[in-house]
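Below you'll find a set of structures to go through.
Here come two complexes built around chain A, the first alongside chain B, the second alongside chain C.
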Partner chain A sequence: MDNLLEVKDLKIWVAGAARPILVVDGVDLQVRAGSVLGIAGESGSGKSISAQSLIGILGEKFVYEGEIRLEGRLIGDGGEPFAAIRGREISMIFQDPLNSLHPQIQIGKQLTEHAGRSGQDSRKADKRARELLREVRIPDPDWAMKAYPHQFSGGMRQRIAIAMALVGDPKVLIADEPTTALDVTVQAGVLRLIKRLCVERDLGVMIITHDLGVMNAMADDLTVMYAGRVVESGPATQVLQSPRHPYTEQLVGSLPAGPARDGGRARNMRAIAGEPATPRNRPAGCAFHPRCPWAEDRCAVTVPPVEYRGEGRRSACLVDPFFSVDDVRKAAAR
Partner chain B sequence: MNSDSMALVVNDLEVEYRTKGRARVRAVAGVSLQVGRGEIVGLVGESGCGKSTVAKAVVGIERPAAGEVLYRGARVTPISRIGKRPKNQRNLQMVFQEPASSLNPRRSIGSQVADALKFATDLPQAKHEERVRELLDMVGLPKNAHRAYPHQFSGGQKQRACIARALAADPEVLVADEAISSLDASAQAQIADLLVGLVKKLDIGLLFISHDLAVIGEICDRIAVMYLGKIVELGRPEQIWFEPRHPYARALMRSVPRIGRDSFPESLEGEVPDPANPPSGCRFNTRCPFVMDKCRVQEPALIDVEQEDGGTVACWLQEPGAVVDLDTLATEREVASA
Partner chain C sequence: MGVRSSFWLFVIKRLGISVFLLWGVATIMFLAARLVPGDVISVMLGEEAAADPVARQAMIERFGLDRPVPEQYYLHMTNLVQGDFGISMRTRGPVADELARAVPASLELGILAGLISAILGIFLGTLSALQRGKLADQLIRVVTVTGISVPLFWLALVALYVFSFKLQMFPGIGRLSPGVAPPPTATGMYTIDALLAGQLGTFADAFMHLLIPGAVLAVFTMTLITRFTRSAVLEVLNEDYVRTARAKGLTSVRILFAHVLRAAFVPIVTVIGIMFGAVLAGAVLVEEIFNFPGIGQMMFRSAVFLDMPGMIGIGLVVAVIYVGISFVTDILYGVIDPRIRVS
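This part shows the complex of A and B:
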């Protein structure tokens, strides 16, 4: 399958007090049209920074290296400038929709702003803005066009931010924790909307969240990051239900799953021992080794490469404790 | 359960906010619940439902407009008169969502934990250092943590320090308001584990407030579901989880995205009504998929529907001894409309 957006060996440094710190270390990502790529990880894993680098909105303190290709064309350093891509071919929405909406400008004006700049017919732009509001299921688009952001609830604001992101008719939509600030009953609606847009518009969607439950509902493919590196990737259902990397296994195991049906306390939440590594204090070798129950001596020395494990799955673990003979047989049979 | 034996009793609590030129908002409109020693009671609901206001009123940060909060059998004195708060009530403690903002960045962890010893206990000063170390060890912080400053700690460790400070007062009941919500998944599990362990070990009560149903469902002994200032259902986690009796509790459960769940999470239609102007009748009637005429007029009271399980629900669909299974009802309606 062709990749719409392809990132190879992405590295990002941030200026530190003494020397630059490598916060993202060799990340590969692929986004396919009409499909959702999830990027999961805890804070400090580098997931948001990686996404920001793809549309060139990293701050001045950051430097990136790597190959970013949109439909095969190189963008960013050495290629088409990000400014020509951002908001047109790749759009982004954020956790707090208020960051993407101007508080003192009417929604309609914000949605048609670009049309004026690019010399489009204003009546056409107006009609299109209404269509977009309808597409993201804003009730009463005519009223909404004249309203201000504060007049909407959090869920509606995020829908409007999504409409804004769609103005340039993008091919890729990057959503960074799009529902983290929303109530769970509202979250479901926004997630459904993103999923629908992905299918209907054949959008390549990249969703970044720490919430693996959201990933389960949304992601077709999943990449799990830890301390700036990819530890595991593959089809989302497989990654979540039978993780291949110890970190993924421990992370899934640490999630609460609710009570057991018989009333016994299931205690699904198995805490991961120790504190999360951050790029600033990334342990040598595998960054997860100090917390890993399967760690061996070599894990503290060698950085494990991301290796193909069959059936579209990759993981970066020297020990590979969840290796099963069945997997090998299945792979061989193909 | 006998309410006399309860460490914390909340009776018909009402809390109002007044803003100039605006209508009064009854953020909490008659909430009753009890927390016993060694028990974790969860309070769950969406933002704006009043759950945090209940927490604040319980520890005395908010003054109730009506009703009462009893701690160790006596009314809780509002915090504005904390100097006059009887010594045996000073240990009613709260743990907040943002550990970073509830710790002073310029003071060592040890000195901040010692504050609670000074304020709420009779322990002689000479023994403070030893006790502080003991407390920090109990919450799983490394040796020498008492000398550290908050910025040297991760979010999870900061929250551990806040819990140690709350425990320093030797409480009978701890109130935790979204205490693990701002933490990463792995730290959430650690802190949840810690709280569950402490409740059992120290035989204290915990009122655990959270919007996260999965966490609440997993660690609590009983759950109260709040909507627009009122408790709509109270019961054991597995009952609320698998057989919710209130349509709002059911909608909440069905909206949570979870691993292993095949169906897409369902959204709840409509917006939360303005608490300054709640709908007449049942407060959930504007969004309820099972709404009946009666619901728009008359407000249902919290009733026991099945004597043995202690669960209560406020819904006109439910009657004592005749619990309606909402999933079955929903299926029947689908069939009828098809």
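This part shows the complex of A and C:
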């Protein structure tokens, strides 16, 4: 299967007081058309920064290195400028719909002001905006075009933000914590909408969240990040059901009623011991080793490489405590 | 319910509040005038005549001071509503006539100073925010600190000395050069009247007379507007919706004008409204130094002469200007920020 968006060895530095701090360290990501890639991790794991770097909106304080390819074409440094990509081929929606729409501009205006570039006249843009509002299930598009963001609920505003992201007919949609700020009751609706758009429009979706429940419902592929590095990636159901990395395992274990490895039997919630590592004080070796129950001496010295674990799965753990002979047999049988 | 009709409701409500405010100010001034220590009659009659009880009594009856206070209040207010501000003790003419000459002159000067300070202030403040920490920002900050620290009267004198006396680039004091006849009165503002009458030479002369005092008057407010604009723009630049605008692929020019400045305008408009008060206060010194016959000079002279009707007249005019500005700012809020007019 061809990758729509492919990121190789992404490194991001942020200007620090003394010297630049490496906040994202060698991240690889692949987004396929018509499927959802989930990126999971705690706050400070570098997932949002990685996503924002893909459309070049991080600002002057950040410097990135690595290869970003859209349908094989290099974008960003040394390739097509981000300005030509964002909103057109890669769109993004953000966490807090209450603040991500301009409070003083009518919805219609916000939905059409970036359409002019594709050579449409304003009436066409207007018509298209109404269609998009209908597509994201905003009840009264004609009224909505003239209304202001504060006249909508959080869920409705996120739907409007999604419509806004679709104006340029993008190939990739990046959703940064799209439901975290919403009531639980409306979260499902917004997620279903994203999933439906993904399928109907053959859109490559990248969804960033710390909520594994969302991942379980949404993601086809899953990448787990910790302290700016990828610790595990693979098909979402497999990663969630049989994690290969201790961090993923603990993350799944911290879910109240998550997809447990033992077949979903009720368990006690477990908190992950210790404090999450931040890029500012990333432990040497494997960044997770101070919190890891399986850690050995070598984990504090060597940074584990991201290694192939069969069936499109990868994980970065020297110990690999969840290695099982069954997995090997299954892989061999294929 | 349409957004439009709720907007007019909002305008009418604010208008009602403004009228109420003016009534309050007029009442307080009436009461304050009765509370001022000193014998008004003695001041008006002079020491010799005040010793004569018959003259005293005549004066008291003439001004209705023997009537009960509520009745005096009623007369005072009805006179005000009819535009009668009384007779000036300094010029011996109606206060209303002097105000009719002074107010347009000050308005002309104040509007020019306001325009200079708003345009320059918003421009410099925005530039400063966008270049945060860089050379342009540092320079602008030095200029604003200087602008706030320098006393206005000193600046006025230096400007007069340098530009009018040494460089001879601008005419000196007054509203027009000697020998230039004032344009026919329409608004009382010489520049506008000259334009209306098609007298371009008179317009140029009047405008040149405005420029130096206007610029001096603008310095202080300009520096404050610059600082407020800088912090307002910096705050908006951090907002999520600016990131959204960037993610949509808008050009940075469009983001700056359509999104950032639009949001930053709410605090900036507030400051500009308040700053107009500072312009009026500064006008007292500047108008006196440039011998510019506006309300600042009238205020100064009325105070020196203890001219009570004159001071009450000016007080009311200043109140009208303040209330008018806050009315306009409130309406502008509504225009700029839809959340205010709907809630």
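Observations on the model:
One rule holds in what follows: the second predicted complex is superposed on the first by the 316 of 334 C-alpha atoms of A that agree within 3 Å, B and C clash if a C-alpha of one lies under 4 Å from a C-alpha of the other, contacts with A are read in each partner's own complex, and residues count from 1 in each chain.
Going forward, a residue touches a chain if its C-beta (ideal position, glycine included) is under 8 Å from a C-beta of that chain, and two chains touch if they have at least 3 such contacts.
Since the model is a prediction, treat every value here as computed from it, not as a measurement.
For the composite obtained by superposing both complexes on chain A, the positions of chain B and chain C are free of clash and fit together. Using the contact criterion defined above for the overlaid structures, shared-chain residue A:Ala284 touches neither chain B nor chain C, since it reaches no partner. In the superposition on chain A, contact of A:Val199 is made with neither chain B nor chain C.
When both complexes are overlaid on chain A, the residue A:Val301 reaches neither chain B nor chain C.
Look at A:Glu113: by the touch rule set out above, it reaches chain C but stays clear of chain B. With both structures placed on the common chain, the touch criterion links A:Leu74 to neither chain B nor chain C. Within the superposed three-chain model, A:Gln241 lies in touch with chain B and out of touch with chain C [touch as defined at top]. In the superposition on chain A, A:Ala15 makes contact with neither chain B nor chain C.
Using the contact criterion defined above for the overlaid structures, shared-chain residue A:His210 touches chain B, although it does not reach chain C. Comparing chain B with chain C, more residues of chain A are touched by B.
The superposed three-chain arrangement places the nearest Cα atoms of chain B and chain C 9 Å from each other.
No residue of chain A is contacted both by chain B in one complex and by chain C in the other. Here chain A touches chain C in the complex through residues 55, 57, 83, 85-88, 91-92, 94-96, 99-106, 113-114, 117, 146, 148, 150-151, 161, 164-165, 167-168, going by the rule given at the top.
Listed in rising order, the residues of chain C touching chain A in the complex are 3, 239-241, 243-251, 254, 258-259, 262-263, 336-339, 342.
The touching residues of chain A, when paired with chain B in their complex, are 42-43, 153, 183-189, 191-192, 195, 210-214, 216-218, 240-241, 250-252, 254-263, 265-272, 275-276.
The touching residues of chain B, when paired with chain A in their complex, are 46-47, 154-157, 184-190, 192-193, 211-215, 217-219, 236-238, 241-242, 251-252, 255-261, 264-268, 271-272.
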